[in-house]
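Multiple structures are listed underneath, in structure tokens.
Look for chain A in each of the two complexes below; its partner is chain B in the first and chain C in the second.
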Partner chain A sequence: MLSVLKNLIRSVAILLLVTFATFCLMFGNGTGIARSILGYQAAEVDVQQKVIELGLDRPLLTQFGDWIAHAVTGNLGESFFTGQTVTSALATRVPVTLTLIVLTLILTVIFSVLLGVAAAVYGGWLDKVLQFISVLGAAIPPFIIAIALIFTFAISVRLLPATGYVSPDQSVTGWIMSITLPIAALLIGSVASAASQFRGAVLDALSKDYVRTLRARGLKESRVIFRHVLRNAGGPGLTVLSLQTLGLLGGAIFVEQVMALPGMGQMANQSAQQGDVPMVMGTVVVTIIIVLCVNLLSDFANTILNPKARTR
Partner chain B sequence: MLRSRRRALVSIVTPVAIGIMALTGCTSAGQSGDAAGGTKQETLTLGMTADIQGWDPTIQPGYQGWSADAVWDSLLRCDKNGKPQPSLADKWEFSADQKTATLHIREGAKFTDGTPVDAAAVKANLDYVASAGGAAARWANTTIKSTDDQTVSVSWPEANPLLALRLCEPKIASPESLKSKKFNEPVGSGPYTLDESATTRGSVYTFTKNEEFWDSENFPYKKLVLKVLEDETASINALKTKQLDGTIVSSATLEEAKGAGQNIQTLTGTSTTRLLLTDHEGKKIPALGNLDVRKAMNMVFDREAMSSKLYQGHAKPATQIFREGSDAYIADMADPYPYNVDEAKKLMKKAGFEDGFTLQIPTMKGQNHETLMPYITQQLAQINIKVEQVALSGPNAISEILSGKFPVPLWQLGNYGESVQDITDYVNADGIWNVSHQKDEKVSALWNKVKTSDEAGRKAAQQELNQYVTDQAWFVPMVSMDRFYASNPNITVEESSDYSGLHPLLRDFK
Partner chain C sequence: MSAEVSMNESATAEPAAGRSVLRRLLKNPLGMLCSAFLLFIIVLGVFTPLIAPFKPNEANLNSVNAQPFSPGHLFGADRAGRDVLSQLLWGTNGTLLGSLLVLVIAIVLGVTAGLLAGFYRGKIEAVAGFVTDVVMSLPSIVLLIALFALTGPNVMIAMAVFGVLVSPTYYRLVRSVVLSVRSELYIDAAKVVGLTDARIIARHVLWAVRAPVVIQSSFVAASGIAIQAGVEFLGLGDPEQPSWGGTLQDANGNIYNNQFGVIWPALLVSLTILSLILFGNVLRDVMQASAHDKNLKKSRRRTLLQNAQSERTSAKSSNDEKAFLSIRGLKVGYPDGPEDVRTVVHGVDLDVRRGEIHGLVGESGSGKSQMAFSTLGILPKEAVILGGSIFLEGQDLLADKKAQAAARGRRIGYIPQEPMSNLDPSFTIGAQLVYGLRAVKNISAKDAKEELLALLTRVGIRNPKNVMRLYPHEISGGMAQRVLICGAVAADPELIVADEPTTALDVTVQAEVLELLRELSTERGLAMILVTHNLGVVADLCDTVSVMKDGRIVERNDVESLFNNPQQEYTKTLLESSRSVELTEA
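Right after this comes the complex of A and B.
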């Protein structure tokens, strides 16, 4: 309990620190922000007027204090360009990105556990193939895989859509079709890496004395593997998966661009290019929260799997 | 054992395969408004390479401004030569001194909130444009009067030869929507209205046809969908799989689009790649104050080679900054600075700058600098001009370039059908792209002639200006490049009516 509380406090401190640093970088140049809103034809006097109108002439600490005071009530401000609230924009974008990441993670766990265990237990050609694929998966970025998948399954054979997202409330089958290729693009690299890690962890666990004891006691092999070995191999695997999540967040940005998915990554990219600072801040905050939540969950899951971790 | 494993495999794979085939059958894999049975499609889906900048009518860009053209109408519509055509104003008059425009607003026009488009509404809009920033500088000190319910007059303090263009620019929104200045949703009198329920900001914007629009027969599609596809790979893939009916393509993806059976509309010579040598007084870079140095810089570029190698043949050599066919363009101007590196070296020696100097050139994404800069650096090095590239990015990049910090930008700038606009932006001392803002008496005198002369006199003065800036080597024009628009064969795209020559306008899609 104490360790969970400590982790929570540490996470909040990290959130505040990173948010403040980002805020300073984003809001530091009020004139540039105003000019990017008004266009380069705007007269200097109009630019300065805009700076004052947006409150960008105030000291940075004051601006940050205001921002934090509103943020804790769920008000992350409004887009400088569209007037849309950051919260409402994120409400439509975050589910798309989370859909990709969560489904990819779930499938990663399933496939990487199965493949990792199979490679560790059976060895042979399966093990060699897995090692080869893990190198390939790590070497090829997700957006390259995405392009290849689009070419194969959307352009050459019109099986799946090349771009766009259909929300499940519009059409469930449309939704499944629209997320299949993006998830596949993220999954391939993710499984390749995680399966290799699970393989290593399982091999390590299989070499332990307790496994020999369990087998000597006549326990079924499947029970030995899935009830005992996996549990002990799970700790390192969980760490890898939490790191994978960070990688997936980054990979999702590129996949969303290539496949024109209206997710957080696309929003962050567009906002950064436009200089829509409140939107950028919103995506940064949500991203940090996701990362911190994943770390917290990973630590928590580790304490469940590993009794030694509970006593720390 | 082997047989049971095979059975297990088949029992898993077969339902999965059937499931995939069923799902494919259930959805259209993102077909956009495909015509069925030979009937015309009802939805037009266009790709945009950048998102809409919000619904403030004063900050709408001309480039990819289909969303603004959809929801709002303008007072006048300028054709591809910049000549005014009826729009919300069905009749108009420009005073002989080019200071005042009087416009009659067509009867019966209404905003989609039911309020009338009348003189009061137009005045409210123009008052907002003059105060709101953005292009407000162009409307500074104007006097706007509504002389009766349907008539508005706009007066500038000085003669303005761009009266027509100025009146083609502002979008007319419902005055109610201007009051709050929030602009969450556009309310106009244009050919379409925004359908918020089918819109995801930053991704897909859906519009439904406004049957009350006065010119609705020129907008045959019942629905307009604009998809934001910033990545060129994504947009070309969407085009190939018919998720889009049309999108802008670059020379990099042109052949791919052609190979996929797309129709290509080429807008020729509507942009010119050029170095702008704005420091002709030599205040920041003394060498640029010498005419021979500026001439020498013109003579080290092989424009033919640039057109064929750097632009893959999709450009032609440019010796003037003005568009062919515009009033300022001199049709029989011989190449004033033919490619001749030896002659350029002689000029540099004569000017006393044989050892050259260092020149900072700012670069940015989206301007083809990655392709151009190696050649430009190489060629300027032939006359000992050492180029230092300064990479700019982010929201401040454009303002930095226009601030005058770098007196010699390299840019692919549009040349307008109305060349007076080019002079305003590139030649006049207060021109946006004349970043050093140095006054020149001859230019001021000729500009005065442009402002105060009749049509023939205006054209003559513009050509004289063109000749002057060419003789003075204020620019290093290199090539006039082509722009491309790709569309599916199932739609008709008429020749672009855009006076900026950037791409087809919404009314060009039939």
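Right after this comes the complex of A and C.
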């Protein structure tokens, strides 16, 4: 219980620290922001006026204090361009990205556990093939996988829509069709790296003394693997998954870009290119919060899985 | 002195080692292929101005969306009529510079921090560790996108920041290497000789970290290229500057008009990244793996096992009729190369009658444990049984896998050496005991629990109900060994194989556990094979004894005769050395 609290405090500290650093970076150059909003040909007077209008002339600490004070009430500011609040923009964007990531994670767990256990237990050619595919799948960046998938399933064989998103409220089949390719694009790399790491965790658990003793007691091999080895490989497996989530958050930005999904990665990218600083700031903060929540969850799950961590 | 020696050795070893690594790298077909491809890319980057058919961004309206392999445009042209091959060539230099920048920044930062943290520990290490944790828990690409709002399109700044973001991988690597090198003796020796800290670091630690850093760099360069292409692909690069990712972005935007345009940049980026990763893998194998492959070929293993099996069926079983367990001509080997097997047990015979406690003594590595594991059929996966038979009341367990599985746990029990590591840490004592008993006995969970509670009390555990709810880390080593003994005898086996059952225990607990084993043996008529290196244990507990040396049994007798009248020179030395140990201990 104490360790959960300690982790929570640590996470909040990291959140504040990183938020502050990002804020300083992004709001540090007030004239730059104003100029990029007005265009590079704008007159110096107009730029200065814009700086004052947006409150960018105040000391950074004051600006940050202001931003934080609003942020805790759920107000992350407004877009410089559309006037839309950042929170309302995020409210439509975050669910899209989270759906993508959560579904991919679930599928990753299923596939990588099956493949990892199979490779570790049977070894031989299966193991070799899996390791080769793992290197390949983990090496190729997600945007190239996404383009390759579009090339194959949307252009060569017109099976699935190449781009766009259908909300599940409009049409469930449309929704499934629209997220199949994006999930596949994320899944390939994710399974490739998770499976090979999970294979390592299973091999590690298999080499333990107690596995030999359990076998010597006459337990069936299937029982040894599915009850004892899997359970003990679960801890390292969780760490793999929480790292995988980090990779997926990055990968989603590319996949959203290639497949035109209205997620938060696309929002971050578009806002950054326009110089819409509050919107970028909002997505960065939400991303960090997601990452920290995942870490907390995985720590918590680990204390449930690992009796040693539980009693500590 | 020793510091001098090790320095001289490393100084002379270096050039030879460097050359042999290169040679072995190029001898590996995959290593050769990747090196050649990477070298090719570097040459293309360096000589772009000489070989590129067109100038950067040179557009020709007649070639808009030209197909691949059309005249003048080997890879075709994009929607603005720019030659794709030329654009990619002009982007090569930027890609190479970008990854170089990432490498330099990450190595300088990470290695320095790792050296300092590993060498001085304390506050430096705590701060560096925290920063590392924070940086590594952030998705780099999100930060690079945020950075764009500040700096505008400048890929080199983005790559420099990425260098900072990946530096923790070097930090962790170097720190762990430093910690291990630090604890080694020669640094202490160097300190005594009077070298300054800086020189110690420079001479020894940098030498020790070079191989892992080189290997890691290959992977970091790969991720650098991926992230650079990604940043450019998102449109965060300089649109005036031809680049791999930019070319891909352009082709992707035009995919409905010219679907094959995406192939070239996608292939180039993927192949380069893949080459770097495979190059790193080969390099790791070459630099860190042992000189030769120890895995046995599958076909060779099959032949060996078949030979052993056919020998078994043709040979007449000459086992001792009165023996409960008869081992005949047991040969066990371990792989030592694709075709070779190193034999560790050379055709051993052993008989154990009902109720007999048979000691198996010898030095470590003499093959005692291999015999114990063979009897139970729990040898490691890579081990090969090269021949021989293990008869359990006349039935050959090695010839019949099913018979072996049926005997394991039911008729033959196993008590391991190290109590703590032989209990599954994720399950309570009670749960794993019940699982074990129910695996071999058709019994309800409730009855199993009742039986085990009684047996736990019998093996000397007070308050067994409470102990059953505990996890292995919550009990002492002596208790854990009693639990394991309980697990071994619960199924009412006729034979127990105990592998050094007291070695890992405190001296006082040792005596109690031996006493318990003796009592259980008399109560239940248990036969026992007691593997040990301790002749005192043998004298205390055993009826008969076999002395093992280098995978062979050199002498066997009843305990009294062997102790009073040893026949073999080896047995005599063994007895003498154990007596001198007793004298010094007393």
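Please note the rule applied: the second predicted complex is superposed on the first by the 306 of 312 C-alpha atoms of A that agree within 3 Å, B and C clash if a C-alpha of one lies under 4 Å from a C-alpha of the other, contacts with A are read in each partner's own complex, and residues count from 1 in each chain.
As a convention for this text, contacts are C-beta pairs under 8 Å (C-beta built on N, C-alpha and C of every residue); 3 or more make two chains touch, one makes a residue touch a chain.
Because the structure is a prediction, the values reported are computed rather than measured.
With both structures placed on the common chain, the touch criterion links A:Ala268 to chain C but leaves chain B unconnected.
Contacts of A:Gly83 after superposition on the shared chain: chain B is touched, whereas chain C is not. In the superposed model, A:Ile155 lies in contact with both chain B and chain C. Taking chain A as the reference chain, the count of touched residues is higher for C when chain B and chain C are set side by side.
Once the two complexes are laid over each other on the shared chain, residue contacts for A:Leu214 go to chain C alone; chain B is not touched.
Using the contact criterion defined above for the overlaid structures, shared-chain residue A:Pro59 touches neither chain B nor chain C, since it reaches no partner.
When the two complexes are overlaid on their common chain A, residue A:Gly174 makes contact with chain B while staying clear of chain C. In the superposed model, A:Gly74 lies in contact with neither chain B nor chain C. Touching of chain A by both chain B and chain C, each in its own complex, is seen for residues 29, 32-33, 36, 147, 150, 155, 257-258, 269, 272-273, 275. Remark: chain A residues 29, 31-33, 35-43, 46-47, 49-50, 79, 81-84, 89, 92-93, 147, 150, 154-155, 158-166, 171, 173-174, 176-178, 257-260, 262, 266-267, 269-270, 272-275 touch chain B in the complex.
Residues of chain B that touch chain A in their complex: 20, 23-24, 26-27, 29-30, 50-56, 59, 61, 132-138, 140, 182-184, 200-204, 227-231, 233-235, 237-238, 240-241, 243, 394-396, 398-399, 402, 432. On chain A, the positions that touch chain C within their shared complex are 14, 17-18, 22, 25-26, 28-29, 32-33, 36, 123-124, 135-136, 138-141, 143-144, 147-148, 150-151, 155-156, 208-210, 212-220, 223, 227-228, 231-232, 246-247, 249-250, 253-254, 257-258, 265, 268-269, 271-273, 275-277, 280-281, 283-284, 287-288, 291-292, 295, 305-308, 311.
The part of chain C that touches chain A in the complex is made up of residues 134, 137-143, 145-150, 152, 222, 226, 229-230, 233-236, 248, 252, 255-256, 259, 262, 266, 269-270, 273-274, 277-278, 281, 298, 373, 376, 378, 381, 405, 408-410, 413-414, 416, 418, 421-427, 432, 435-436, 439-440, 471, 473-474, 484, 487-488, 491.
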